[in-house]
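Across the two complexes that follow, chain A remains constant while its partner is chain B and subsequently chain C.
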Partner chain A sequence: MRWRPGPGLGLVLFWLAAALLAPAFLPWTRLDLHRVLAPPSLAHWCGTDQLGRDVLARTLAGARPIFETAPAATLIALLLGGSAGTIAGYRGGMADAAIGRLIDALLALPLIVLALFALTALGPSQPALVAVIGLAFAPLIARTVRAAVLAERRLDYVTLAQLRGEGSLYILAREILPNIAPAILVEATVRLGYAVFTAASLGFLGFGLSPPSPDWGLTISETYGLMAGGAWWPATFPALATASLVIGVHLAAERWRAQGRP
Partner chain B sequence: MSGPALEIAGLSVRFGRRSILHDVSLSVAAGGATGLVGESGCGKTTLALAVLRGLPPQAEIAGRISVAGQRLDPLDRAALRRLRARQIAFVFQDPVRALNPALRIGRQLAESFRLLGQTAQEGRRESLALLARLRIAEPERLLRAYPHEISGGQAQRVGLAMAFAKRPALLVLDEPTTGLDPDATASMLDLVAGLRSERGTALLLISHDLAAVGRSCDRIGVLYAGTLVEEGPASALLARPRHPYTSALARCAPRGSARRRGPLPTIEGGLPDPAEPPPGCRFTPRCPFAKRDCRAGALPAATRLDHVVLCNHPDQAWPDPPGGLPASAPREDVVLSAEKLSVRRQGRVIAGPLSLRLRAGETLGVSGRSGSGKSSLLRSLLGLLPPAAGTLNLAGSPLAPDWRQRRRAELAAIQPVFQNPDEALNRALTVRAILLRPLRRLAGLSRAEAARRLRPILDQVRLDPALLDRHPRSLSGGQRQRVAIAHALASGPRVLLCDEPTTALDLSVQAAILNLLVELRDRDGLAILLVSHDSGVIGFLCDHEIHIGGTQ
Partner chain C sequence: MSGLRFAAWRVVLGLITLWLLSVIVFAAARVLPGDVGRAILGPLADARAVAALDHALGADRGALASYIEWSRGLLQGDFGVSYAYRTPVAPLVAVALGRSLRLACLILAVAVPPALAAGLTAAHFAGGRIDRLLTLGGLALTVVPEFVTAILAMLVFGIALRWLPISAEPPPGAGAGTWLRHLILPALPGAVALFGYLARTLREASLAALQSDYLRAAILKGLAWPAILVRHLLPNVLPLLLTVLAAQLSYLLGGLVVVETLFRYPGIGLLILSAGRAHDFPLLQASVLVLGAFVVAASLAADLAVRWLTPRAA
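Let's look at the complex of A and B:
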């Protein structure tokens, strides 16, 4: 079956383009204290915020920090979780038991609590954010990979490879990986969606980037108080942006999974 | 109830352009038994599902089906449910997977009785009675068990108990004996026969095994590529098959010994593409008697009394198979031997101590019930399952019990062929990649030498070189098993250890694979150890036989 793009991929590509073009929006994100909290109009489609900056431009530019954190965090999760899951699934026995308990322990902690602890200790910064999200997501990927490797290891082709005297690394990389790669890639895409959401949540809680970054989570936390006064637009548009990117990634992942191959 | 239990008239099923069943007419008399035989992919299961009105909505169905005198197609959902609840019983091919893994057996059985309006207590009492009737040793314990705690044979009895909770007019059994050993098959068919005669239930038995169907049915229908090519009384049909396909099916079952009788007849080629069935008779491309008139137009059904044959030239006698290789005697040199081997699985000795000797050019059969440790013995010889006690010898020198301690030449000398080529071939690789690896790794050839060796190995297993760049999933079952055998041959082994190598295959494909094994033994002097539950296969291929019956 030929793979066809869907609305999910369209949304993701839209925000990716916004992230790449972020510097172009800078002229509209300057302070202008004469036009504070102007409602949406022809001049400012999404209105202006409490400092008179154009909300549309800041929302588009806000895609950049997300694209700098979420994919990198997912990659770290993939590397950490992928190796741990592979070792657990292939070796079995003690290694499986040890890694399995570690995964259980990490999953038992609420993700946000874990992240808050780590970011308080490390100090909020983008690399710390990436590392923390990567670490928090690794156990979930490890579980998926472990199950996939375990299912393959029981098949006779692995036995035949062992009886040819192949090393474990060859068997894993050349025989097993091609069979489980599609499942792992789909899982990673789903995680990417959650990483966007988690990065925004941590930004909202103040553990992400510092002002004046247009980061969506940060912007929402700065402006949601204004909604009570009727200025709904500065918080609503970044929130919609976060939602649309998360949904876009999930739609793309689901479509990918349904079509059975990358 | 009057008239036949099942009557199918002119049934055709299409999925888009693919014609799965074409103008099939078949009936099962009230209380009678009809068998439906054919290779996998010929439409047997589609027919069974049509009888349940269980085909997916995109299927285009034409023709009439009546169960116990009631037409199926005009029924609304409620009427259909009533019919399925009271008149039709169905036992699926894989009885374990047909049970809900989350519910205890007792609960699932009770459901069948509740459907008939009985109370839980009545249901439980009748469940116990029925299970006892099905010769379950401890029915109380079985009712408390979950599906994963019971054996395949027990699950099948549970399926039968559900079927006979009612007094069905019609029981449909889909491949009930696949994977059972001969004892289990016989007792299963006996139980069905007993219950049927008690309750007046008619049987539609679907199977690829003509002989098994012949033993328990009074009529047989033979399905080929969606057409019913022959239908008649079982005794007449088996004694004198009229259609070339039926007679080929009857002849390719292994019997006698290859040493005395030569290779088995096979049916060359494969099923036609259901999107483009050949015009005229669908068997034409594989039929040795096909004439010009077979390729054109509709076929007249030749009828002799109540025996219908869809063939222009019935009554053809099949030629004898080409005379095989001159029977060669086993040589004297012992290649692989085991002394006082105790096979251990999960810390328990399950077979042995036993000793065996395997000579070049000789086949040793290993038989026994399922679970007796046949496969474990084979895995012990491979070094995958180190034995509890005993010694192994390869060509006179001691062989380590653990494959990790065996040298490369020793690994190359002993090669396995497993039951299921789907699992033995890496589905992510091409046939070329699968075959190159043992040539490089075990035979120690350079890339160029290995590429040159591919061709002779393909010739050895009679595979078309055009298949080299295909993936296993796109090959037929027989081709896949040939690739698996080629993988084993690539390292230049002296011993093949075959674990039920033809169990997953159709009878006609099995015949070709068995002939191939005979050839490898007689022409190339390979020593073959064959694990099988099929006495026909063992008798055909093996010079000696050891029977494993648990610890002695």
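Let's look at the complex of A and C:
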């Protein structure tokens, strides 16, 4: 079946375009203390926030920090978790047991708690955020990759390569990897969705970027207190943006998984 | 492996996991910040003040020595003294954990029965419109961060419709009904996410069970749908439900950190967050470790229960 893009990919591409064009929205994100908390109108489609900044422009520009953080974090998780999972699955024995216990211990902690804990110790900054989310996601990817390698290891083509006298590295890279790559890529897309989720949540908790970044989680934490007073728009639009990007990534992963099946 | 040996083996594995967890927690609190005193006092503090604080906290000693002392304390039930509150950590953690468990129980009570119903319904009408709605809707509900769901729920139920209070704290002297009303909005984000995930997983499982030979035989011999459901489908799906719940517990508790912050509900999540913000490492270490231990224990209990529910595996 030919692969067709779905609504999920459309949403992701929309926010990617917003992230790339973010500097173009800057003129609208200036402070204007004469227009504080103006409700949505023709001049400001999504209203203005507590400092008079246009909510629509800030919401669009808020895609940028997410696209700087989530893909890099997913890549780190993929490299770390992929290597650990491959070693555990292919070598077996003590290495497998040790890595397995470590994964169990790390997964006993909620991801947010693990990340929050590490960020407390390291001090919040964007590189720390990327590294911590990457590290926190590595055990999950390791578990998936381990299971995939374990399933392939006993198959005839691997035995054949071993009998030919190929080295472990060659077998892993040239024989096993091409066979498990689709499964790993789907897993990585799902992780990307959760990386957006985690980065936004950490931003909301105050462990992500600092003001005046238009980061969605940060903006929501700054403005949700205004909702009780009736100013619902500064928090609601970044919330909808976060929801649409996360759902988009997961819909794309779901479609990919469904269509990738032979 | 006999049942007893399996149980003993799982307990040993659980204890190893707990020990590793304590090492990770200790390392994150003691080694990552580099200088604990500096992390607490900030970059502008006087170097002598930092050294004095390090000494008072015992942070200037070797990592191994202080790990041994800390874990010896843990084994005797001594979790240390909070830097910020200057009181023993254990009672603080116990009270907060109790509050969070109340919230978690409410989430389970709200999410599990509808998820079971939705999953079985979707499997029954597999491929139909209800099925598609539930699988795609379930996905959307699961993957959206809790604070986003919470903001939207606050907006709709708390502010537009004014049905529910948007603070988790009931007025003093309120009855159980008021208390419950104040917990509905905080419980909603977790419940919605869990519902979506469970419904999808249960749909897959019941779909697989419905295609098995013995269930098709039961359907073909004309057994009524309620009988199929209760006698054949549920016993098949229940062990999976337990496993999934145990696996999702850590995710659920992570969501509580966000939700408790949003609604100012003084549970373990808010405790972890405030300890993190105050650099109160003894409190942070203890609450994170207790949370992890709780997840390890739940996964152990679920494994044993599943083993007991499925005699086949023995």
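Simple rule for what comes next: the second predicted complex is superposed on the first by the 260 of 262 C-alpha atoms of A that agree within 3 Å, B and C clash if a C-alpha of one lies under 4 Å from a C-alpha of the other, contacts with A are read in each partner's own complex, and residues count from 1 in each chain.
The working rule: a residue touches a chain if its C-beta (ideal position, glycine included) is under 8 Å from a C-beta of that chain, and two chains touch if they have at least 3 such contacts.
Worth saying up front: this structure is predicted, and the values here are computed from it rather than measured.
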Dominant contact partner of chain A by residue count, chain C or chain B: C
First (chain B), second (chain C), both or neither touched by A:206: second
First, second, both or neither for A:246, with chain B first and chain C second: second
Which superposed partner A:151 touches (first chain B, second chain C, both, neither): neither
Contacts of A:104 with chain B and chain C, given as first, second, both or neither: second
Partner chain in contact with A:16 - chain B first, chain C second, else both or neither: neither
Chain B versus chain C as contact partner of A:165, first or second or both or neither: first
Doubly contacted residues of chain A, that is, touched by chain B and again by chain C: none
Chain A contact footprint on chain B (complex, rising order): 382-384, 403, 408, 411, 415-416, 418, 420, 423-429, 437-438, 441-442, 487, 491
Chain C residues within the chain A interface of the complex: 13, 16-18, 20-21, 24-25, 28-29, 32-33, 39, 136, 139-140, 143-148, 151-152, 154-155, 159, 166, 250-251, 253-255, 257-258, 261-262, 272-273, 276-277, 279, 284, 288, 291-293, 295-296, 299
Of chain A, residues touching chain B in the complex: 155-157, 159-166, 175, 178-179
Residues of chain A touching chain C in the complex: 101-102, 104-113, 116-123, 193-194, 197, 200-201, 204-207, 217, 220, 224, 227-228, 230, 232, 235-236, 239-240, 242-243, 246-247, 250-251, 254
